[in-house]
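The same chain A turns up in both complexes below, where it pairs with chain B and then with chain C.
And then the complex of A and B:
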């Protein structure tokens, strides 16, 4: 192991913390959204689905711009920050978490929704005729049967947050230990011609991405076989 | 567990292109077949009884009201056991966990009126399957587990939606005896949806006949089968199911002697039937012929005095007759299909005493 600057370690650990926290929040927030999208008969549900999917196509800078406004002193984020005496959520770790949650939402909601869709109506009807309340049916039937979707969603959400650049740059800036995540650090290293560090981080990301995708494919394959 | 009182259903609504309006009551025990062609609304009615679908109307089971003008219990609050066309076992649970899903994994404590775990295992032959995963069961085994799972939810009413129609002939024949045993052993009323007449003949005690979203007729099986106002009796494969009691066995010729109301049948059958055991006979309308005088030399084993109760022309050539067995015609009813020519030549008339010759009768099991 070449001796790495503490700078790199700070960036890596910050990024992992951000991705882990974002993924956890997304699973909690995204699951009810995915459930509703899979089960609701509402006519405007596809409109909601489209809003959730927006980050897939919006340029990160556009999203970042609006987030910056929303998190800033004059936006709801500023009001929220006022609760603990801060002026703004922009350029803070908390703001980064909020931004990442919104930005990675479709990557978590979509696979879980697809999994709920695939479970279908029947197992839940069976559970209902076996005296299971909708809550019990959800936890004991829908969630276990949708497990591959949760796994895919969590992995994609985590990996995607790890690599985010545009949104972070817009709302987080470049504060070491607070908002300076991996992708920003790489950019910085390149700017300051520190190629070795840039290379290390970039190479690490390639390996990470490869391992994540391989693991996901293997796990999905195993689950599909177990389901047969 | 027998529920006190009957099952009352009166449901109406719109189903696709046609109006659905079904009203019937079923007795609080035995098997009631909801019978009719595919697409006539049977499944919708069954789903609505379970609360899986919502139609307007009333649904009462014994003393419980599941639905009326003011009430609509969600499915999980109705003491219903539902067997779907496909077994729909939970793929992420073992057979045992599937069976115990309704009791949250615990084996229900033995008590009078409680369907016990052991009883269900024994009744449906599930012991060798318990630790297996649903994916490794055959179609017939899966459906047996589904039936057991429904029973172990301690239902006051069992509902089955064509539980055999997704299975091949062989598997169906393997499962039917289990359903028959169920009927003998448990006193839980069952509403059984089917479009297969042979299942009705084998299983049903009562029939609700449906067509295009409406109940055409309802009543005890024999009454429906011998109601010549209904198209059923005029079908080519029309038949009656007769309850019979084993009276004896003729070892020399291998003939089973069966008493029915107003007559006795002899039937070639392997030995092994318990005396007094109750069996069900199926006698097709095309297998019954009529003579005015007692035939003296005939190869037909079963010749019984009977009376012509009613008659109806099927078409220009053929008629269907309802016969009452016995000298007074008060015994079990048979259907007979005869040509109009024979009717005229023999000078037959309603109320007349005749002899019914039954060429073939088959055990419908039980």
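And then the complex of A and C:
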């Protein structure tokens, strides 16, 4: 291992924590949303699906701008922060988690929804005729069958948060150990002409991204085989 | 076109501008176009970011940095044309709050009755370095260091304070000259090393008449008036 400055490790571990926490929250929040999108007959459900997918299309600066205002003293984030005596959620790890959850939402919800779609009516009807309650059918039939979707969603949500840049740059305030994530660290290294460190981190991200995409493809392959 | 002699030889030049000089540069570019017919296309960023881009072959012909180091480095490393650097402005720092009652003076820093203070990233932005110097000089840095948030450049630092996310921040005087809102303390120039902002002609623009004309124009009374209006000093030595 080349000797790396502690600031690199701080940035890496902070980013991993952010990505892990964001993914965990998204699995909890995203699963019911994905389930509803897959099962609901509501005519306006595609409108909800479109809202969920918005971060795919919106530039990070749009999210960053609105988040900066929303997290600030005059927005809901400021009101929330007031509960523990702070003025704003910007420049905090919690603020980044909120931003990341929104930013990575479609990357988790979409694959899980697709997996629930693929499960279809039939297994759940069978479960119902065997007198499984809807809750039980969900946990013992739908979720296990949709497992590849959960895996894909978790991997994509984690990876996408790891690579988050624009939103963090706009709401983070570049505080080491609190909001200075990997991508921002790379940006700073490039700006200060410390290209050796920039190279190490950027190269690491390339390897990481390759592993993620490869893993994704393998999961998908398995999913297709399971579907046959 | 041939009927308008001033425009006949008009070209355009791409200028990289340090973020703190944004407003002044836009106004100067407007006057420059009126006077010469040349168009200055402006790109804004932090001095560090712009320099990194220059070193990688960005098509900038003129570089208006926020410090004297980067233009000198540009020449040392062969991106700049020797003998073309000069100080086009001397920056002034201001402590500013969007809250009308907050900033009074240096004692505000010593009392420290705020959650967050925004400064530009001292590693990349000279205004950030100067801000740290001021806080150190007043003996307030240690106590404040946990409250510091760093903007990627001075424009973002301003935006952190403007949105109220940070109650207070060190910005460039040029950013708050235009409006009276909030409260401010114009930091006395002797509290930090002078923020000498140098310009340099880059190799890309060595043969560009428009680029040379722009640098020339920067020292004209027209441009100097704009520069001073935004709170900068000028050295006038070339």
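Note that the second predicted complex is superposed on the first by the 219 of 228 C-alpha atoms of A that agree within 3 Å, B and C clash if a C-alpha of one lies under 4 Å from a C-alpha of the other, contacts with A are read in each partner's own complex, and residues count from 1 in each chain.
By definition in this document, contacts are C-beta pairs under 8 Å (C-beta built on N, C-alpha and C of every residue); 3 or more make two chains touch, one makes a residue touch a chain.
In this text the structure is predicted, and so the values were computed from the model without any measurement.
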> For the three-chain model obtained by superposing on chain A, do chain B and chain C clash or fit?
Replying inline: fit
> Which of the two partners, first being chain B and second being chain C, lies in contact with A:123: first, second, both, or neither?
Replying inline: first
> Where does A:88 make contact in the superposed view: on chain B (first), on chain C (second), on both, or on neither?
Replying inline: second
>> Taking the superposition on A as described, I'd like to know which of chain B and chain C A:220 touches: first, second, both or neither.
In response: neither
>> Contacts for A:174 in the overlay, against chain B (first) and chain C (second): which applies, first, second, both or neither?
In response: second
>> With the two complexes overlaid on chain A, check the angle at chain A between chain B and chain C, Cα centres, nearest 10°.
In response: 160
>> On the A-aligned overlay, A:132 touches which partner chain: chain B = first, chain C = second, or both, or neither?
In response: first
> After lining up the shared chain so the two structures overlap, which partner does A:71 touch, if you call chain B first and chain C second: first, second, both or neither?
Replying inline: second
>> Looking at A:144 after the superposition, I want to know if it touches chain B, chain C, both of them or none. Which is it: first, second, both, neither?
In response: first
> Once both structures are aligned on chain A, how many angstrom separate the closest C-alpha atoms of chain B and chain C?
Replying inline: 51
> Which residues form the common part of the chain A surface touched by chain B and by chain C?
Replying inline: none
>> Using the touch definition from the top, list the residues of chain B that touch chain A in their complex.
In response: 50-52, 74-77, 80-82, 84, 86, 88, 90-92, 101-102, 135, 149-150, 153
> Hey, which residues of chain C end up touching chain A in the complex?
Replying inline: 46, 48-49, 51-52, 55, 115-116, 118, 121, 123-124, 148-152, 156, 159-160, 163-167
> Of all residues in chain A, which touch chain C in the complex?
Replying inline: 68-69, 71-74, 86-88, 90-91, 169-170, 173-175, 187-188, 190-193
>> Please output the residues of chain A touching chain B within their complex, sorted ascending.
In response: 122-123, 125-134, 137, 140-141, 144-145, 227-228
